[in-house]
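Reading through the structure tokens given below for one structure.
Naming follows writing order (A, B, C, D, E and F), and every chain is counted from residue 1.
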Amino acid sequence: MGMWFEDFIVGEMFETVARTVTEADVVTFSGLSGDMHPLHTDAEYAKATPFGQRVVHGALVLSLAVGLRGRTGRFDDTLIAFLEIRSWQFRRPVFIGDTVHARNEVVEARASSKPGRGVVVQRVEVVNQEGEVVQSGDMVTLVRQRP
Amino acid sequence: MGMWFEDFIVGEMFETVARTVTEADVVTFSGLSGDMHPLHTDAEYAKATPFGQRVVHGALVLSLAVGLRGRTGRFDDTLIAFLEIRSWQFRRPVFIGDTVHARNEVVEARASSKPGRGVVVQRVEVVNQEGEVVQSGDMVTLVRQRP
Amino acid sequence: MGMWFEDFIVGEMFETVARTVTEADVVTFSGLSGDMHPLHTDAEYAKATPFGQRVVHGALVLSLAVGLRGRTGRFDDTLIAFLEIRSWQFRRPVFIGDTVHARNEVVEARASSKPGRGVVVQRVEVVNQEGEVVQSGDMVTLVRQRP
Amino acid sequence: MGMWFEDFIVGEMFETVARTVTEADVVTFSGLSGDMHPLHTDAEYAKATPFGQRVVHGALVLSLAVGLRGRTGRFDDTLIAFLEIRSWQFRRPVFIGDTVHARNEVVEARASSKPGRGVVVQRVEVVNQEGEVVQSGDMVTLVRQRP
Amino acid sequence: MGMWFEDFIVGEMFETVARTVTEADVVTFSGLSGDMHPLHTDAEYAKATPFGQRVVHGALVLSLAVGLRGRTGRFDDTLIAFLEIRSWQFRRPVFIGDTVHARNEVVEARASSKPGRGVVVQRVEVVNQEGEVVQSGDMVTLVRQRP
Amino acid sequence: MGMWFEDFIVGEMFETVARTVTEADVVTFSGLSGDMHPLHTDAEYAKATPFGQRVVHGALVLSLAVGLRGRTGRFDDTLIAFLEIRSWQFRRPVFIGDTVHARNEVVEARASSKPGRGVVVQRVEVVNQEGEVVQSGDMVTLVRQRP
């Protein structure tokens, strides 16, 4: 099921399944990351901001995007390493109860100088249940060539 | 205790406290993000890779960097939004039991076109207990000006 | 407080206390088990199914039944091993917010071929707040005889 | 990627990826299920049993088997419901640090009396890193026919 | 199984079962409480203190004492409210891997001015696997009289 | 940022930031502490009590108070040990969704008999979003003198 370097064709897209971001996710991420900014953990404070309610941590949504991509199983045997995140923009707030998925487009695929591996750049957009792009940027991974 | 836009001077640095990344953190992050790649969750598989052991998720270390920055309380009342992560590079693996902290240098601070706010760019380096930089990149935030 | 093999009389019943299944339980179980089927984790997807909402994992409800039985403390010193689950049927969906408890009836108790121990079979029914049986089956345990 | 009823051929097998069971998993499951039997939560008590150490909850291993099967994504769009677990035997103890995966063989596949669906019975064996079968039994699911 | 006000006899004692405090417990409590003091979360920092290693949060051990008392089920139907904790002393550090239980002695039991209820004061000692008292103090509860 | 013994002036107060207590917090604390009293975990049971709904564990609110105090970072380098909690009263119930913070007043500060350290007693009040004191008592800590 894994995708080898040769399987990544520039211009091809895939979409992941979706996931609802729950209050429990936000609470767990606050504790795990240590980011307890009142915007995420204090409902009274959040009510008084322009958002009007608690906002999901940007880095949690980014982490969900990584996880949703991984859940496809495509990288289970073929990924060597996650190299870089480029120009990752937090474009719209995500709220508790929103459902997000990731849209992935191969924008670059080049063989590495080391044999047997290649660098794949994917343009990733995280999309909510309204079809709005909430985050986007490029994820760069190092992938095995087909043996 | 919060830092207003005016308090960010290009060239100034601060270091966060440190935190040990535990197996429990990796397990929680696997479940939270859904990223259960065998490199993170299967010790037998990981033993057979060049890493020789399970590797901490790159996005978890990034999240810890955000959290460690937040724990300073500097942004508690002054942060408006997290705008962007630029050129975030995963430079060295982090293993279970490593202790990381973040080094932050203000590299840009410019008033926003909207009044009362400014954009701050910080160069963030995540450093392990050996003093090695394991991840680095720029974090861009929107911060309130002093009222 | 523990129950020895001799204390299990065929036909006797006991009921456990009850517990409300929360969204946090479902989120934790998704991450712990790795079962992130959209029926459990994607509220938009679930809305479009005949269930109309997210469904609690069957294996979580089964695990709660085991835990509720254990909370009685009856097995704390007397249980040797959990041997088998027989004909465990998922009969009705459990939804977030439902409150379940377990009804246990001893249906078989026979001395083991090894001295000092016996096999106890209990018919377990998991019941929701409406009195409906949502799951049922037999749990077989190996229990110490009274010393 | 999903498997429709027609794709299940009696006699065909698939194996899941593997996962290491951590102390954190056991702790989380104790709290989630409420099963805090000293065999799982008291290292001193466990040391004095024939097992010599804490044992992973049987129902956690069963839950992991369900999750590992789900991670293949095969059931994401095609599963209607989990119907039954039959003759699930806890055959060998699983210890903290063990790595388990599931072996699945289709043993029965019959159309349902209701149109558009079928019942699939899979013989599931949970196998540890030594190749030993630690749990086994049948999982019965209701699956969509190809539209 | 519950204990009514009349069942509490001054001078009577009971001991709870024991529980091993794991690294996962400490990590979870750090995130839940927000107490991420480096003594609990930074193994390098802790190494350089007189303790020589990370110390379990005092409030976590106190919480475990409450939980271990509750696991007896004695209070399930009879507890009205937890009123007060008196003179709770943190006497010795608890380390990851220690196993603790609670020793409870009724030191006072008096009928309340309101009918049908009474106040019970218990002297609680938390004891580690070496038999050392690590914490102690009085817990005051409001309990129902036998109907 | 840390506060040394000399920085604690009797009569001085500080207030922490606030935090909303979520259902996820209550669920996690139930599992972590093992205190699964139906008042905290069974919504149907709780409905029938004078509280009319599930109540947050007293010891969780106490733990949050410790954590909120710690989040100020004041004790990061200067705290030697948490010595005692005195007369901690559970004065009003806290419900899921309430937002609490802690008010701290230095009521005693005396040099220790051992050089380089001092004992600080703070009167702590936990206050909800209505301004009501829900818990209060004294926290006694051992703090370093300025080097």
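Odds and ends about this structure:
Rule of thumb we're sticking to: a residue touches a chain if its C-beta (ideal position, glycine included) is under 8 Å from a C-beta of that chain, and two chains touch if they have at least 3 such contacts.
Model, not experiment: these values are computed from the prediction.
Both chain D and chain E are touched by A, B, C, F.
Most remote chain with respect to chain B, judged by CA-atom centres, is C. More inter-chain C-beta contacts link the pair B-D than the other of B-F and B-D.
Taking the mean of C-alpha positions as each chain's centre, the chain lying farthest from the centre of chain F is D. Chain A and chain D have centres, each the mean of its CA atoms, that are 28 Å apart. Between chain A and chain B the centroid-to-centroid distance comes to 16 Å (mean Cα coordinates, whole Å). In this assembly, the C-alpha centroid of chain A lies 36 Å from the C-alpha centroid of chain F.
Residues of chain F in contact with at least two other chains: 17, 19, 22-25, 27-28, 32, 34, 36, 38, 71, 76. Those residues of chain C that touch chain B in the complex are listed here as 28, 30-32, 34, 36. By the touch rule above, chain F contacts chain B in their complex via residues 1, 17, 71-73, 76.
On chain B, the positions that touch chain D within their shared complex are 22-24, 27-28, 36, 38, 41-45, 54. Taken together, the chain F residues at the contact with chain E in this complex read 19, 25, 28-29, 32-39, 57-60, 62-64, 66-68, 70-71, 75-76, 79, 81-90, 137.
Only residues 17-20, 22-25, 27-28, 71, 97, 99, 129 of chain C touch chain F when the two sit together in their complex.
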